[in-house]
Structures are given as C-alpha cells and as structure tokens.
C-alpha cells in the first residue's frame, strides 16, 4: 500500500484501464498517418504498397491549396483582432470593479454555451441580409466572436495570479496607466496572452460549422473543404491533409508542454 | 560615505530642499455602510517622520492609499506644500511608495528596477547609472545591481524597493508596513537603518504599521488611528506617558487597567484611596497600570500601595512577568527587570506588596 | 449625501475612470452583441413570427409530429449514453494520472490532449477509416480470425457513440483532473489513520472531494453532446439524427427558418436550463477556473 492508500492490485487494474483509454484516445489520431502513405485508392490496412501520390495530389490541387491558405489567412486575422480585444476586456473586467462584473464575465463565455449550430444559422441569416456571406471580413468577424472566450478566460486567469501592486508601484513612480500596463503588467501576463492567442488561432483554423454556412466556393476554408470531401466522396487525399494537420497539432501540443515545463524550471 | 557621492538633496541632517509638508483636511471614505475614514485632519511638517499606528481595519492603510492616489476618498483635501493633490492621478504626485509586498518587477534586474522612475523622467545614460548606483549604495546594496529579483533575500528586496522609491528624490515617502515580512532581528536592524536614512535624506515620511515598538523607534510623531479616526497624534514620549484615551493607553505599552472613580476630588479604586500626580475632575476613569511601572515591595508609608497574591511568574530572559490577584479579584501584570543576578522571584501563592509611584499614576477616561 | 471638500470633482474623476474601463471592455461586447446576441435574438423572433404574423405553430409542430419526437429522443439517448461512458472511462483515467509522479502525469496529460487539439474532421475521418466494413478494425479482427463477417461499426448509432466518446473524454478529464490534483493527500491519509480501508477511503473521502470537478465535467460533456452536429452527421450514416442535424436540414434543404429557429431555441433553452440547474448546486465560477488551464 502506498501513501495514496491504493492497494497494488487495484492500482494494476487502474493502470491497465487508464492505458487502454489513452490507447483509445491516441491511436485513432495516428492511424491516418500510415493510410496517407498508402498507394491504393481503396482503403486497406495495413497498406500493401507505399507512395507519396496523395501528397503530390494535394500539392497539385488548386482547391486544397486555396482552402489551406484561406484558413491560414482567416486564422491569423482572427488572432490579430481577438487577442487585443479579449485582453482589453479581461483587463477591464478585472480592474473595473463593475457591479455587473459577474454577469459580464458569464456573457463573455456565451459563445461557448450557445449551441454552435444555432450561432451558425443566426450569423448566416444576418450575413445574408448584410451581404457578408462568403466574405473574408464576415469570416474573420464570426471567428473572432467564437475565439473571444478563449482569450478572455486565459488572460483573466493570468491576471488573477498577477500582483496588481506592481502596476500600482509603476504608476506611483511616474508611469501613466497605459505605460505602466505596457512596461510592467503585459510582460508578466505574456504567457496567458500568448496561449489565448494560440487558442484563438486554433479555434478559427479548425472551425467547421459556422464555416459550413458562411464560407463556400472560393472563400472555402480548409475545414469547409474537408467537410465537402467527407460528405461527397472520400478520397485518400483527405488522409494526406489529415496527416499534415495531425503533425501540426502534435507539434503544437509538444511545444506548449515544453514551454510550460521550462517556465516551471526557469 | 563621502559627501560627493550623495545625492544633492541630502545635505547634512534632514535639510532636504525637496521635502514637502502635507496638509490633510476632512478626508472621508466609506465602503457601503462601513466607514473607513471618518473625517481625518492632519498636518505633517516638512521632513517629519510620521507614523500611522493602528490595528488592522483601523483605516491607516486606506489613508496611505488615498495619499498615494490609488484610492479615491469620498471627500477631502490633500495638499503637498501649497498644491492641492486630491484629484491628481498617482503618476503625477511625485511620491515614493514602498509596498508591503515590495512589488519589485521580476522581469527586470535590480538596477533596472531602480532606474525605472528615472527613465520615466527622462534621465538617461551616465547620469542615470550614477544616480542608480548612489541610491543602491545608500541602502547598502552597491554591488548587487546586476542581480535578478528572485535571487535576493527578503531584506535585500526591501532595500531595493526603498532605493527605487528614493532614487528620484521625491518630496514625500510613503511606506506601508514595509518591514512586516522580515524576521525580528532583521526588522530591528532595518529600523535603525531607516532612521539613519531618514536623517540623511530629510524627506517627509508617512509610515504605516501596527507594531507599536516599531512606531516608537522610528517616528518624530505618531498618529494613533482607530475606526477611521485619529485618536491622538503626538511624540512617542508624550503618547506613551500621556495617552489621551483608553484606546491609546491600551494599544501602546503593556498595561492592565483598573476602574477608578473620582468623587469630591478624591480618587478611589474600590475603597482604597489613590494618589495620582494630579486629581482629575469627578467622573469614571481607568487606571493605566504599565507593567514596568508597578513595583514589588514598599510599605504602608508609601502612597499607592496594595497587597496581592501571585498567580504566576514567567521568566522571559531579560525580565520576569508576574501576574497577581488583588483583593476583590482583579488581575494585574507587572514586569521586573532581571538584574544583579537576582534569582529569588516570588512564585505562585506568595503574598506580595505592590507600589505605584504617583508620577506614574496614569488615568484615562472610561471609554 | 455627503457634501465634503472636493466631493463633486472626485466623483467626476471616478466616473471618468469607470468610463475608460468600460471602453476597454466595450469592443468585445460589441462583437458579441452584433454577432451572437442579435442573430440569436433574431432567431427567437423568427421562431414565433411566420409569414402571417405571430404564431406558435413551429413549437406545436414539435410536440405533435413524431419525426421531431424521435429526433429529441435520439439526441437525449446519445447524450446520456456518451456522458455515462465518458464518466466510466474518464474517471479512472483521471484518477490514474493523479496517482502518477509529476513527469509521468504530465506526459499522460499531453497524450490526452493530443486528440483534443486535433481537428474535429480529422478525427471523424480517422474513425471512418477505423470502423468501416473494410476498415482497420474489421481488417485486423478478420485477419486474426476473430470474426467471419465485418461488423457494422459505423454509419449507425454505435459508430456515432464511439466517435463522440473519443471527443468527449478529454472534456471530462480536464476539469476532473484539475480538481483531483488539488485534493490534499492528507485527507486520504487521515482517513486511513482513522481506520478506513482503501475502498472506504475512496468512496467516503476521495470521491466526494472530486465531485465538483466531476460535476463540472459531466455537465459540460452533456451539454456539448446535446448540440453535436459533425460526428452524428458523418458517422451516423443517416440513421442518427440529432437536433442540430435537423436544424441544418431545415435551413439548407427546406429553407424552413421557422422550424429551424424554433428547434434551435428549444436546444438553447435546454442547454441554459441544464447549466442553470447545475449552478444552483455549485457556483459556476468553478467552471471558468478549471478550464483556464
């Protein structure tokens, strides 16, 4: 019996079950990788022959390249808009001492609470009236709205563990409020802000439901294109693009984890 | 330290030309129904070291924060010198502030921390480096400029915070319990250093603490604050020897109290006549028995003598604390210094006689 | 009303400062207002206002027509099943990670996060690859001689459950693990010293202490399941229709905004009701704190 008061046999079963669940979680994600290198148009596992044909097809396809580029553009713009707006809101709510602060904080989380399908058709309807469907601006605005809760949550958490006295000291030493924020507070909430920005980027890049309604044809994002591909005809090119995305997300997780561990040690 | 290295404003003893007097009138602050400050009027002389002393919740920190500009009062006037400051934002008040948590910037090294206010005032280059170095030397940290904040001890951080607050030669320095996080020995050492620093710089200082001994050590005057009001403002000696009311008498010094009635010009505790230095007007009072003023011994020839039974004797190294019970059940405490190798202290159950010199008989009105 | 020195001027300063801070929060709320509250409000209106003025027929239709009833039943069945399975699998997983030393726990958590950060459609495609008739699972099972005919693992309810479970487990694990990690080990030690067996210590001390995280995770999982669209659409093979899918169908295929919006309103009301009911049992602040990792 260890200090956790868990007997050895129970511990064994626990680790077996836990291991199986982790297996269940991770393997499906990895399974697309070998499939993407399969030479056959039919699905077979394990692949009999390997080749890079699907990656070549991806690179040669104008549609896929455009969709990927569109996703990157939208995600970058979304991040650029959502991060300062969300940071300012988190700061204002933290310092403002408004009577309705609690309600406001909940409202900021609304995009996470309202079912996405509802949001999507609502925006679709609104954009139809304003002529914003299938526009870059429309996409960026919609994604910004969806990304704001992530930025605000992250920055708000960072501000909670930050000693506001430092900002006060800076002001007492002669810095006016924004200068104090920029020179003292911002450098210290850099990590929460960056992690909020990263979440905003990913939220936009992977967003599928709203994009399904308001982006299409030339303005299709990558998830939108994948959605059509999955629905209409499943080609192995999907495996190739999936592999690329998996590699990207695994790298991101690894980098984030390493940074977090470094921060703890450094 | 040679004078040529000192900042120009510290010439000899407390002659800072930049020190400012402070005038506070009618300062009021409410939090909902709770009254934090109940109309404070205060005058602080140029170059004076004034301590705001009081228990937690007394309003002393609120007062300091209002002086610094971080909290707004509901009403009132604050003048630094001749200039009305109550509506001025904190970054324009040109004050030095030392917070309880030091609030050093962790993402800058020591020198950068101290240089921060100079950079804001447009002081750069060699002049800035020189002044930073001077300030660090003043707080005995001359060669620690390159260190990072997390490499410093508590006492060192305290000094950096101090250096940062004085490097730009403010006319007024505010300090909010800066020594409370240090251990006893370090704290006492820093108190002495602060006294010396104040004498060198001659800045006006407002110091907040709940530690009466600290207040007595450091201050030119002490303002005792309770429940948002100044109970008494006076020199340490007068506060100790002539407290104006029960709260001040209790908060400063180690005392027990006995009820005393003055009727027809005679002061009585129970049915025993008391001989104070001067008999006050008729009324109900409390006799302030400072533990060091009560003496063992004496006989019926001495005024203010009484019999008592020892309850407990506690040896505390430099002195012995004795709790005794008087006729009628009141318990008082006295303290005797351990001097001359005396080993025989009264023990529990012994009957002793206590004497109080009329000059030490202190009466305050019953609250 | 106190009329002290400078009181009016001080009040004006305070007002100006509050206005500046409000201005900082304004852009976020403008965006939210224009792109969330207005459209959703519009949909509320659409659901009760048809071509001939105000009407409740969209809502009555939901109660009367059996097609709608089955959609609701399916959605709830799916959500309850996935939530229950997520708890059954996710709790032991979280507990295991909580028992591990820091480095190993961190590694396991990273592994749990990998699917979390992988795009939804990629995961959906991965399950298609795995569960198809000639997919990986069937191929392996047949190669190993465990089955003769391929199992129908996808394009049905089963496939949908599996796919949603894969997505939901991390959502349960994150708040639950955060809660577990914060449980002081001294509690269980105290129980042991007082004579509790490992089973008793777990059921009577540890489990109750992990309840806030478990409850938060469960509610979050359930609510997300209710609104699920992508996974049932692709892994259900047309045999599983959730509320979200019906909404999409009404808009994209039938252009019936009244039906779509009314369904959406009902979904939203159920979501809010679940959260509100839950917040009566536990302050909602926990939810925002545990997910801010």
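Note that the chains take the letters A, B and C in the order they are written out, and that residue 1 is the start of every chain.
In this section, a residue touches a chain if its C-beta (ideal position, glycine included) is under 8 Å from a C-beta of that chain, and two chains touch if they have at least 3 such contacts.
Fair warning: this is a prediction, and the values are worked out from it, not measured in the lab.
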Contact graph of the chains (line, ring, star, complete, other): complete
Among all chain pairs, the one with the most C-beta contacts: A-C
Length of the line joining the C-alpha centres of subunit A and subunit C, rounded to whole Å: 16
Chain centre separation in whole Å, for subunit B relative to subunit A (CA means): 55
Interface hub residues of subunit B, defined as touching at least two other chains: none
Contact set on subunit C toward subunit B in their complex: 2-7, 9-10, 13-14
In the complex, subunit B residues that touch subunit C: 25-26, 28, 72-77, 84, 86-87
Subunit B to subunit A touching residues, read off their complex: 68-70, 89-97, 99, 101, 103-107, 116-117, 120-121, 164-165, 168
Subunit A - residues contacting subunit C, complex: 1, 3-7, 10-11, 14-15, 17-18, 21-22, 24-26, 28-29, 31-32, 35, 42-45, 85-86, 88-89, 91-93, 95-96, 98, 104-111, 113-119, 121-126, 141-142, 144-145, 148, 152-154, 156-157, 202, 205-206, 208-209, 213, 223, 226-227, 230-231, 234, 238-239, 242, 245-246, 249-250, 252-254, 257, 261
Partner subunit B, residues of subunit A touching it in the complex: 163, 165-166, 168-177, 179-180, 183-184, 187-188
